[in-house]
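I'd like to ask some things about the structure below.
Should a chain be cited, it is by its letter among A, B, C, D, E and F, assigned in written order, with residues numbered from 1 in that chain.
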Amino acid sequence: MRPSGRAPDEMRVIDIQTGFTKHAEGSVLVSFGDTRVLVTASVEEKVPPFLRGKGEGWVTAEYSMLPRATHTRGSREAAKGKQSGRTQEIQRLIGRSLRAVVDMKKLGERQIVLDCDVIQADGGTRTASISGAWVALRLAVDKLIAEGKIKDDPIQARVAAISCGICDGTPVLDLDYIEDSSADADANFVLIEGGQIAEVQATAEGATYDEEGLLRLLRLARIGCERVFAAQGAATGR
Amino acid sequence: MRPSGRAPDEMRVIDIQTGFTKHAEGSVLVSFGDTRVLVTASVEEKVPPFLRGKGEGWVTAEYSMLPRATHTRGSREAAKGKQSGRTQEIQRLIGRSLRAVVDMKKLGERQIVLDCDVIQADGGTRTASISGAWVALRLAVDKLIAEGKIKDDPIQARVAAISCGICDGTPVLDLDYIEDSSADADANFVLIEGGQIAEVQATAEGATYDEEGLLRLLRLARIGCERVFAAQGAATGR
Amino acid sequence: MRPSGRAPDEMRVIDIQTGFTKHAEGSVLVSFGDTRVLVTASVEEKVPPFLRGKGEGWVTAEYSMLPRATHTRGSREAAKGKQSGRTQEIQRLIGRSLRAVVDMKKLGERQIVLDCDVIQADGGTRTASISGAWVALRLAVDKLIAEGKIKDDPIQARVAAISCGICDGTPVLDLDYIEDSSADADANFVLIEGGQIAEVQATAEGATYDEEGLLRLLRLARIGCERVFAAQGAATGR
Amino acid sequence: MRPSGRAPDEMRVIDIQTGFTKHAEGSVLVSFGDTRVLVTASVEEKVPPFLRGKGEGWVTAEYSMLPRATHTRGSREAAKGKQSGRTQEIQRLIGRSLRAVVDMKKLGERQIVLDCDVIQADGGTRTASISGAWVALRLAVDKLIAEGKIKDDPIQARVAAISCGICDGTPVLDLDYIEDSSADADANFVLIEGGQIAEVQATAEGATYDEEGLLRLLRLARIGCERVFAAQGAATGR
Amino acid sequence: MRPSGRAPDEMRVIDIQTGFTKHAEGSVLVSFGDTRVLVTASVEEKVPPFLRGKGEGWVTAEYSMLPRATHTRGSREAAKGKQSGRTQEIQRLIGRSLRAVVDMKKLGERQIVLDCDVIQADGGTRTASISGAWVALRLAVDKLIAEGKIKDDPIQARVAAISCGICDGTPVLDLDYIEDSSADADANFVLIEGGQIAEVQATAEGATYDEEGLLRLLRLARIGCERVFAAQGAATGR
Amino acid sequence: MRPSGRAPDEMRVIDIQTGFTKHAEGSVLVSFGDTRVLVTASVEEKVPPFLRGKGEGWVTAEYSMLPRATHTRGSREAAKGKQSGRTQEIQRLIGRSLRAVVDMKKLGERQIVLDCDVIQADGGTRTASISGAWVALRLAVDKLIAEGKIKDDPIQARVAAISCGICDGTPVLDLDYIEDSSADADANFVLIEGGQIAEVQATAEGATYDEEGLLRLLRLARIGCERVFAAQGAATGR
C-alpha cells in the first residue's frame, strides 16, 4: 500500500490552469497533487550568440524553487549568489526535453524562455515542470501563429515527463515526496506522444535495479504520460 | 481622470488569500489589482549571529520578482549571481517595516523569515509585500501561540504600506504601473494602525514637490492604509 | 542637552575643501564635524547602454566606506566580493538626488560619475556625500563649460541633504554617530535651493512618529540645508 | 563503418596506469583511446556537516576539464568564477555512481574525494572518470585497510560506466568525439559488476528512440562494462 | 634630465602626516610627491584560523586604489565583485614586508590589519604604502604598549620600500608615473634599517638588465630608503 | 647536507616530454624532480581588447594546481569561485616572463595562451612552469611558421626560471618542497639566454639577506638556468 493510498500505477490529480499570469506569452500553473509549478513562456526576438544569423530559433528553460516551497525553508539562490548543481541539472533537462519536439527552423530566429518556478513541492517538480512547460510553449507558439509571425507550426508533438520508482520492491508511478525520499530507485522519463523516448534518467539509491526493473518503470511511465498528454490536450485544445 | 478610471483617492481591489501554500507557517497570496505577491512566513528556531544568546528574536525579509512578473522578461537574479540594488533596498524596507510592530523579547530567540515573491507586477509590489507580510507573520505567530511556544503576543499592531504619487499635478493613491512610470513624484508610506508613521520614502522624479505636496500624499496614504488594515483584519480575524 | 553640547537646531561645522586630489575633473573633501568624505567627479565621454544615441547625459554615484572609517574595522567590500545592501541603497540615493537638479539634454551625451569615499565616519555620511557631490559636480561642469564642451549650464539649482532625528523626544538637526545610534526616528532630507523637496526618507527605529513629528523634522532640515547651500556657494563661487 | 574503423560493439583501448602521482592515497591515469583522465582519491578524516557524528563516511567527486583538453581552448572555470552546469552535472553523477557500491558505515566517519581532471578529451570523459575513479577509490581503501584504519572492506563491488549511442541508425559502443557530436541518441550507463544497473542517462539528440533502442544500447553497455571490469581487476589485483 | 627635473638619485618630497583619521589605532597620510596613500592600522583581538591558540600574532595588509586616484577613472573593485591580480599581489607584498620586522610572539595573539588606500597615484603606490604602513604599525604598537597590553616591543627595526628603474639607460630613484610608464626596467626594493634586504622585485619591461644594472638599482634604493627611515623616525619619534 | 643529498649547486633531474597532449599547438609535460607541470600553448586568432587593430600579438598565461598535486588536498578554485592571490601572482609572472622574449609585431595580431597545470608539486612549480612554457610556446610558434602564418620568428631568445634559497645559512639551487618550507630566504630568477635578467623576486622569510647573499643566489641561478636552456634546446632542437 502506498502512503497516499494510491494503486502502484495510479497518478495524482493533474491540474493545468492556463493564463495564470497576464504578461507572459504563455502561462500555466500546473499541479501534480500537491506539487505546483508556475511556468511562463517568454518570446524574445533574439537568439543566443552561437545561433545568430542562422535563421534558427532556440528554446531554453530556467528552474527555481521558491525558498519555502519545501518542508523547511531553503536558502534563496539569488542571495547565495549561485544556482546549485541540482538547479542547473534540472533546467538543462527541461530545455533539452522541449527542444526534442520543436523544429528550430520553423520557429525562426527567436528564443522562447520557459521559466519554471516551484510554488509548492511534493515530489516530481522536474517532471511537472516539463509537462507544464509544453503547455506554456504551446500557448506562446499559438500566439505567434495567430499574430502571423510564424507560418508553419514548429511544435512536432506533445512531450511529457513523469517519475517512477521502486518502493519496497514495487514499481510505482508518480512518486510524491514521502515515496521519493525512501525509494530504492528513482527514474524520470521524458516521453513523446506516439511512443518515442526523449530522455531516461534512472538512478539507483540504496538498491540497484536490473533490466527487468528498468522496463517495468518504463511501462509505468507510458501509462502516466498518456494521462499527461490527455491533460495537455484538454488545456490547450490541441 | 486616471488611466484606470479610478478616483484620485480610490484604491484598487485588495484580495488576501491565506493558506496559499501548505508548508509555510504563514502563507498568503496578496493582490492589489493586478499586482500579486506570494508571501510566506517561515519560523526558524535560530537567530542571526549578532543576537545569539540575548533572548530576543528577529524578523527579516527577502524579496524577488519572478522573471516574467513584468511586461518583458527580466533576467533571473540567481542566474546573474547577485541581487540588484533595488531588490536589496526593498527587502531591507520590508524587514524594517515589520520589525516596527514586533516586540522581539516576546518573540523569543527565534527568527521569522518573510519571503515575498512577486508573481505578477503592476505597480506597488513593495507596498503589497509589506501589507501581505503582516498577514503571513500574524498567521505564523498565531501558530506559535497555539502550539504554546509563545505566551504573550509579540505583534503590537497592524502595519500596512501604500504608494501615492503626483500624476499630472494631482495627488493620487495606489499607483498602478502606468501611473508609476509617469508620476512626477512617488512616495511609499508605511503606517501603523492608530496613526503613527513607520517609514516615509518620497522621491521626486522629474518634478519636485513641496511640504504641502508631501502632506497631501500622507493624507491619501492614511485613507489607503485604513483599507488595508480592514482587509488584514478580515483575512486573519484579528 | 545633546551629547555634543549643540542646540537642537545647531549644525556641526561644515568644511568644503575643493581640489583635494588632482586628477578628477571635480574633487572635494567635505566635512560635517568629524564625518569626512572625499568626493570626486569624473567626466566620461560615454553613457550607459540605455541612453546611447539619445543625445542625453547621465549622472551616477558610487559610495564606499574605507574599512577603518568607523570605530571598529569593517571588512572591505572588494575583498568580500560584493557591495552590501546599505552601500547600494546609499549610492542609488546619491545619484538620484544629483540627477534631480541636472538637465540631461544640456549635459550632452556624457556621463559624470560621483565617487563618494568615506574617510572618517561620525554619522550623516550619505547626506555629507550628497552635499559634497554637488560641489564636485559643479566644478566638473564648470570645467566642461570653460573648455567649451557645454554651452548652457545643465545644473538647475543647488541640492543639499541633511539628517534629522528624534532623540529623547526632541527633534534635532545633523545627528552625529552617538545620536544616530540611539535616535527614536531618523530621517534624511534632500532639498533643492528654493524650497522644493527632492527626497524624504524617514524611518522609525524603536519609536514611531506622527505627522507633526515629520513636519518638525522637515523644518529643521530646511534650516540645515540653508547652511549647506551657503557653504556650497562659498566653495564654488556660484 | 565507424569513423575509427571499429566494429559497433568494439571498445577503444583501455589503459589504467596506477600511481600516476605520488601524494594522493589513490591515483590513476585512465585512458579510453585518446580520452585521458587523471583521477586522484584523497582521504580526509572529516565528513560533510550533514553527516557529523553519525559514524558514517562519504564519497564525493569533483570534475574538471583542463582548458586545452579539447580541440579549441575552453575558458578556465576558476577564472570565470563558476563551474558550468555541465561540470556540476557530471561531478554529481560520478559521486553518486561510486556511492552506489560503498557501505558508508564500514568506511567510518571519513570522506574520500575523487578528483577527475580531464587531461585530453575525445568523447566519454564522464564514463572514463567513473571507471577510473573506482580504481583510485579501491587503491585508497586498500591503503586504509593496510594501515588498519578500516577493518571490513566497504567496497561491495566494482562499478564501471560506458557511453553508447545510435549513429546513422546503428547502435554503437564507446563513442569517440566524432561519433558523440553526430549521434542521434546518446546514453551513459553505470553498471555494477554482477549485472545490476546503477544509473542510466539516455538522451535523444535530433532523433528520438524507442524501447527496443534503449535495450540494444543497454546490451552494448553490458559488453563494454565487462571489458572495464576486467581492466579494473588487472590494475588493482582485486 | 628626468621629466621632473630631479637628479637620478633624487627623491620626491616625502611627507608623513600622522593621526589623519581618528578611529584607527594608527593612522597616517603618506606622500611621495603627488602619490598619496592613507594607511590605517587596526588592532583586532583575534588571529586567523591557522594561528589560533598558538600564542602568536599576525600582521596583514589590504590595498586599494580609489577609483579616481588615477588619470582616468578605474572601475571600483567592490562593484566588479573581485580584486584584481595586481591588487592582491601588492597587498601580499605589503603584509610580507611588515611581517619581516615583527616578532609575532611578542605581539601576542592579536592581529594588526594595515589598510592602504591610495587617494592619489603618481607612481610608487606600493612602496609608499609599505613605508607608510610601518609608521601606522609603529603608532598602533606604541598604543598597545602604552595600554600595557604588550610588554616587549615586537617591532625589531624600521622597514621601508622604494622603486628604482632604468630610464633611457640611466638608473633613477623613486619613479613618478611618467617615468614608470616608460622605464626599461622597474624594481621595487624593501629594505630593513641596518642594511638587510627584505624583498627585491625587479622586472624587465621591454629591455632586460644585467647583474651590474641590478646592483646599481640596489644602491639607489639604499639611498632612498635612508631618506624614508629618517622621515619615519621624524614622524614617530622612534 | 641537503635533505635530498644534492650538492648546493646541484639541480634536480629535468625532464621535458613534448607532445604530451594532442589538441594543443604546443604541449609539454615538464618535470623538475617530483614537480610535474603540464603546459599547453593555445593559438587564438584574436587579441585582448586593448590591442585590437594594432597589428601586435599577445602572450598570456594561466596557472593552476590540481587539488591533489600537494601533500594534502587543496580546495578547487573553480568550486570556490575565485582564484587565490597566489595563483594570480604566479600567472602574471609567467606571462610577463614569456613576453620578455617575444617580438609582438612579428607574432602578428594573435594571442598565445600558456596553460600551466601542476600535476604534482614538490617545490618550484612557478619556475618549472616558466621553463616548460617556453618549450610549449616554441612548439606552437614553429607550427605557425611551418603553416606559413608567421614569416619571421618572433621568439628572440630562450627564457628559463629557477628558484634558489638560503637554507641553514647556505645558498642552494632548485629547492624542493622540504627546503622551500624551511628556507630563510627564497628567490625566483627568470633569466634570458645570454646573461640578461628578466625578473628577480627575492623574499626574506624569517631571516633577511644582504647584497652578497643576493649575488650568490643570482650566481647559482645562472648555473641552474644554463641547465634549463640545454634541456629546452634538446627538447625542441632549437
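What we mean here is this: contacts are C-beta pairs under 8 Å (C-beta built on N, C-alpha and C of every residue); 3 or more make two chains touch, one makes a residue touch a chain.
Being a predicted model, the structure only gives us computed values, none of them experimental.
Chemist: Which chain has its C-alpha centroid at the greatest distance from the C-alpha centroid of chain A?
Modeler: It is E.
Chemist: Of all chains present, which has the mean Cα position farthest from that of chain F?
Modeler: Here the answer is chain B, farthest from chain F.
Chemist: In terms of residue-numbered contact pairs, which of B-C, D-F or A-B coincides with E-F for over half of them?
Modeler: B-C
Chemist: Let me have the rounded angstrom distance from the C-alpha centre of chain C over to the C-alpha centre of chain D, please.
Modeler: For chain C versus chain D, the centre distance works out to 59 Å.
Chemist: What is the distance, in whole Å, between the centres of chain A and chain C, each centre taken as the mean of its C-alpha atoms?
Modeler: Roughly 51 Å separates the two chain centres.
Chemist: Could you put a whole-Å number on the gap between the CA centroids of chain A and chain D?
Modeler: 28
Chemist: Averaging over Cα atoms per chain, report the distance between chain C and chain E in Å.
Modeler: 33
Chemist: Listing for chain D: what residues touch at least two other chains?
Modeler: Within chain D, the residues that touch at least two other chains are 81-83.
Chemist: Among line, ring, star, complete and other, which one matches the pattern of chain touches?
Modeler: Topology of touching chains reads as a ring, each chain with two neighbours.
Chemist: Head round the ring from chain A, going the chain D way, and note every chain as it comes up.
Modeler: Loop order (chain A start, chain D next): A, D, F, E, C, B.
Chemist: Quick check on the complex: what are the chain B residues that touch chain C?
Modeler: Per the stated touch rule, the residues are 82, 84-86, 88-89, 91-92, 96, 100, 187, 192, 195-204, 208-211, 213-215, 218.
Chemist: Which residues of chain B touch chain A in the complex?
Modeler: Against chain A, chain B makes touches at 21-24, 27, 34, 36, 38, 40, 42, 44, 62, 64, 66-73, 76-79, 81-83, 87, 113, 115, 117, 119-121.
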